[in-house]
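Below are two complexes that have subunit A in common, paired first with subunit B and then with subunit C.
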Partner chain A sequence: MESCSPVQIDLTSRTSRAFGPLRGDAADAARSLIASARLAWAIEGNWAEPFFLLVYLIIRPLAFLGLFLAVLSIGGTLNPASIGFVVVGQAVFQIVGAAMQGPTHALLDDRERYRTIRYIFATPSSLLPVSIGRALVKALIAAISAVIVIGVGALIGMPMRAGGPDLPLLLVVMTLGLTSIVGLGIALGAVCVQLRNDAWGYPQAVAGSVFLLCGAIFPLDTLPRALQLIGAALPMTWWIEGVRRALLGTASPGLLGELSTPLLLLVLTVGTVLITLAAPRLFTIGIDRAREKGYLDRSTAS
Partner chain B sequence: MSAAGVPKDLHARIYAETEWSLSHKLRHAAQSVVGRAYPRIFGMSREPSWLFFDLVFPTLGMCSFVFLLRSRGADEAWISATILASALLTFWTSVIWMMAGQFRWERDSGNMTLYITAPVGLGSIALGMAVGGAVGMAFRAGIIILGGSLLFGAQYEIREPLLLALTMLLGIAAMYALGVCLAAVFLVSGREADHLGDLLNEPMQLLGGLFAPVRSLGIFGLLAIGILPLAPAADAMRQLAVPQLAASGLLPVPVELGILAVMFVVFSLLSHFSLAFIERRGRADGKLLTRAD
Partner chain C sequence: MAISTPAASAAAVEVSGVGRVFQAKGGSVTALHNIDLRIEPGELFGLLGPNGAGKSTLIKILSTLLLPSSGSASIFGLDVVRDTARVRRIMNLVAGGDFSGYGLLTAREQLAMFAQFYGMPYAEGMRRVDAQIEAFGITDIRDRKISALSTGQRQKLNFARSFLNEPWMLFLDEPTIGLDVSAARDVRERVRAFQAEQPGRTVLLTTHYMAEADEMCDRIAIVDHGRILAQGTPTELKRMVQKETLFIVGVDELPAAVSLGTLRELPGVISVVVRDADGADGNGVGSPVTRLAIALREDAALGGVISALAAAGAHLREISKSEPTLEEVFVQLVGRGISESDSEQAL
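And now, the complex of A and B:
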């Protein structure tokens, strides 16, 4: 019989990694993000033939747009400025809704539907880039719908900016806006994982509330004063306003429209920086707590 | 006892236990309906979060439309109509997710096996879901109308309350009958089902003339009023509860009531056959209880 010697396990290569949802170096995070984005595309993008997927991506946002334009026409003849206001707001909000719901739905899908979150957690992958990857793909798919809505808007008389869209402004506001909304989405995801009931519903409820408050389809001034203040505190309000200025070349009616574009960018930047600093920490705290309490293993059958 | 140990009267006993009289069948079906409706009606008292979410989504949508109308300086009568439409929307949402999507959800969560093995027809279960869903949603719709009226000062002038009640009853019955038909479609759908549910939401709100008159949709409005119960129900209710907007109606109320009655009968028959077909196909293919994902 051969003598047994103690097995030596070399832990030195991984000792720099903290165990938890945010670990590893930047290269690990990038790999996790790319893998999760590919997975998200497989889930979100290949459930139908490309033609039917495209039809789906066209019909729903256009119906939404049609609904708002039909209601808008009740108040009198539609003017191009009103069409532009609603079209851009509704188009951008497609992305807001998708990116905000993305991380929560990814976490809950993995926990309850596919029952894989425990395995993802056990791998060296970091859950944060995994969630961000899933959210970004949802946002990208929603962006296709947004482009279609804007294209249709242009066809039905939306007044575009003379000389074409202000691309630098568009790029800046889209980057800042998307960063802030994904940040809010992952923070929301970490909260929803703690919930026993109806965790799926909260992102939709939050997105619905944001839709009401951020001046997506009507000027912020229409809201009662207290709600106007809440709306002004949301980065989505400034994001949508920035996109309106970049695409339409005009500012929104009311108080928001009186602010200069540099000031708008400053507010959006400050909001995005604050969210970017806070969201990963909130996510880590939430996921660590969920792991300790055993919430990553449970199924709520909701 | 026979040589193999099988009782001689086995056939007779199986026949007696499975071939029920019509009254027995009806009593059993009624018990099944009540049994399935019960959790839908009383469940909300045990899960307040359900009530919260059932109310919050239509209320948020309602507020968005009301503020949009106010930003355009629309007639206040349209705000009353919007609140009414939001109440009707709670039923439609329930039809999509709690009727059409329900069997699929039950399958994925494992309950469908119990339904299939229980001595209860899928039709009775579906009817129980519909009755329970409609009663539960009526409570929510009442809260939305009350809350919306208090919040936005909406007013209604109901001259023919019985006709309005009949319109609501027929509209809800036709919608839920359509929901049972769709349940069969959702059950055979894979991952498409969630997206199908999404497609039945905003596009149907537009086609159904829920927040804006179906008349403004032209030929599409006429088409919708012939196939989508939401359209004649919303149009007729708007004419009856907000008479100032009667001119926006596409068809006279009695005609729309007739359409709803026909829809109820047609969708009920279709749902009966579609459920039977799906169950038969599912048993033959062995896929009825297979998770879509």
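And now, the complex of A and C:
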């Protein structure tokens, strides 16, 4: 080590993006997102375990569907319309649950199970695209399950829209819905990463409550007034309603059904925009606070 | 091609007044008190201290994983609290002691993912991934799932990851813990080679292995209870506990013609004492040795002592230079050995 000749270090190029034709934050974020999505594809769709996938993607959602339909039949309200309502609700909620819990699970998995979060956090990449990439793949895999549930629904007499599904509406509703729910998931992740204990339980608890409030199985009208208002404020409520209209061709009975489809899309769009603006900011705040508390690389076990 | 920026002449690590307090259940814990530290570009700097000394806390702050409660720190002139994006481009870290990695990915896939997190285009990323796999001699496990790797293989992979962005500043927090002798040696060699490839690459290492610190580090800081107790080169630190040079000279027996007093009067000699004497055992196996501990002002004074002993007819059996170990330095400064806990000391 020659201390007499000061080392010349080219910090200017080293600290700027030195690589490749794609430059800029957006390109870096896209790279991280794709890399994380690949990872999620390998770990979530553990295709080497077909039995696990069978249970997770097919048996479990269908068992729940059977349960809900049984409840309807005991209550004497099993008819084609109610089957359609429940099938679509149960199918779309697979995706809602995955997208909403995805970012939290990615962060906690990386902190507690894989113990990689410190190494990812120490890269120039933000944890935001990393969490989004993981959540999107979880949602995609859940979508396979949703398609299966809908397929089974069609077999057991779910009334489909005359002339087939309204694909443009479906596409728009799915895009808006998924974006807003991943956004909520990001915000939830930002909260959970600041918790040391039982953080795993939170997204599940939130998803469970939302399930009851968003009209997935129980029409909003059957809820007490206060809960109806909460339900109406949730983007998944509108997402599921939009999918019902696209697939079944009919609006839900009651409150939600009174809204015209363009108005529904407007509500969903406004909600999505607000969430998309707020979620990354909340995420940054949450990660900063976790960094301050020292929870980023400290697992509950350590 | 080097562009001189203000940062280029900055210290590799500059820590001033850094403190860190954790809020824990039973009250607050001060992990670091007002630390000041400066590491020059190109150094391999060691942090040595017992459990809970605050070593990992300091590394976490410097590697942007944790915020300090007070003070400021920079890496090559870039503030670790505010300038995280740029710091992360020139820094990397490896921690030992826990399994990390995605069991379902192959070694190569995991490295490729990290290359992407560093913003490398795919081809460039894969080139570096393969180069590191080669450099660490883990080509055979390249396509093996992480879950099937041994501790040593995983840690080599972890090191390979840390070299992907060719960091200027590498933080190693007990990186060889749990590794066998040969894996630890491989890893140390890679770190040295990595530093040698490009002047200016700097390493901050924490370790519990005194020999590792002694062998690897240009300079060492000894820390305990969140404070730096001493810092310097290994030789400087050893000088702190032993100022003179000490030789152990063994003769078959001390001749009558020479007394300890006469030896003490020789030029350059500070002190001479009989350290121990081994007699021949009852079976006459082995022969008696008397060992003298001779403290000298400088090595050259030894010649006079040896000549005086030889002139008096003593038969020389052994000569060795006694160096204090870092362990001794540590015990003297910290008040206990590195593997003893606070409570043991209190007993």
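Going forward, the second predicted complex is superposed on the first by the 274 of 302 C-alpha atoms of A that agree within 3 Å, B and C clash if a C-alpha of one lies under 4 Å from a C-alpha of the other, contacts with A are read in each partner's own complex, and residues count from 1 in each chain.
Following the convention adopted for this analysis, contacts are C-beta pairs under 8 Å (C-beta built on N, C-alpha and C of every residue); 3 or more make two chains touch, one makes a residue touch a chain.
Nothing here was measured: the structure is a model prediction, and the numbers come from that model.
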item	value
Partner chain in contact with A:V71 - subunit B first, subunit C second, else both or neither	first
Partner chain(s) touched by A:Y114 [first = subunit B, second = subunit C, both, neither]	both
Touching partner for A:L212 - first (subunit B), second (subunit C), both, neither	first
Contacts of A:R291 with subunit B and subunit C, given as first, second, both or neither	second
Touching partner for A:R31 - first (subunit B), second (subunit C), both, neither	second
Which of subunit B and subunit C A:R281 touches, first, second, both or neither	neither
Partner touching more residues of subunit A, whether subunit B or subunit C	C
Overlap of subunit C and subunit B interfaces on subunit A (superposed complexes)	48, 114
Subunit B residues within the subunit A interface of the complex	47, 49-50, 52-53, 56-57, 60-61, 63-65, 67-75, 78, 108-109, 190-192, 195, 198-199, 201-203, 205-207, 211-212, 216-217, 293
Residue ranges of subunit A in contact with subunit B within the complex	47-48, 56, 59-60, 63-64, 66-68, 70-76, 82, 113-114, 197-198, 201, 204-205, 208-209, 211-212, 217-219, 222-223, 301
Residues on subunit C engaged by subunit A in the complex (per definition of touch)	1-5, 7-9, 22-23, 40-43, 60, 63-67, 76-78, 85-86, 88-93, 95, 98-105, 109, 112-114, 116-121, 124, 158, 161, 165, 168, 199-200, 218
Complex contacts: residues of subunit A adjacent to subunit C	1-3, 6-17, 19-22, 27-28, 31-32, 34-36, 38-39, 42-43, 46, 48, 114-116, 118-125, 130, 291-294, 296-297, 302
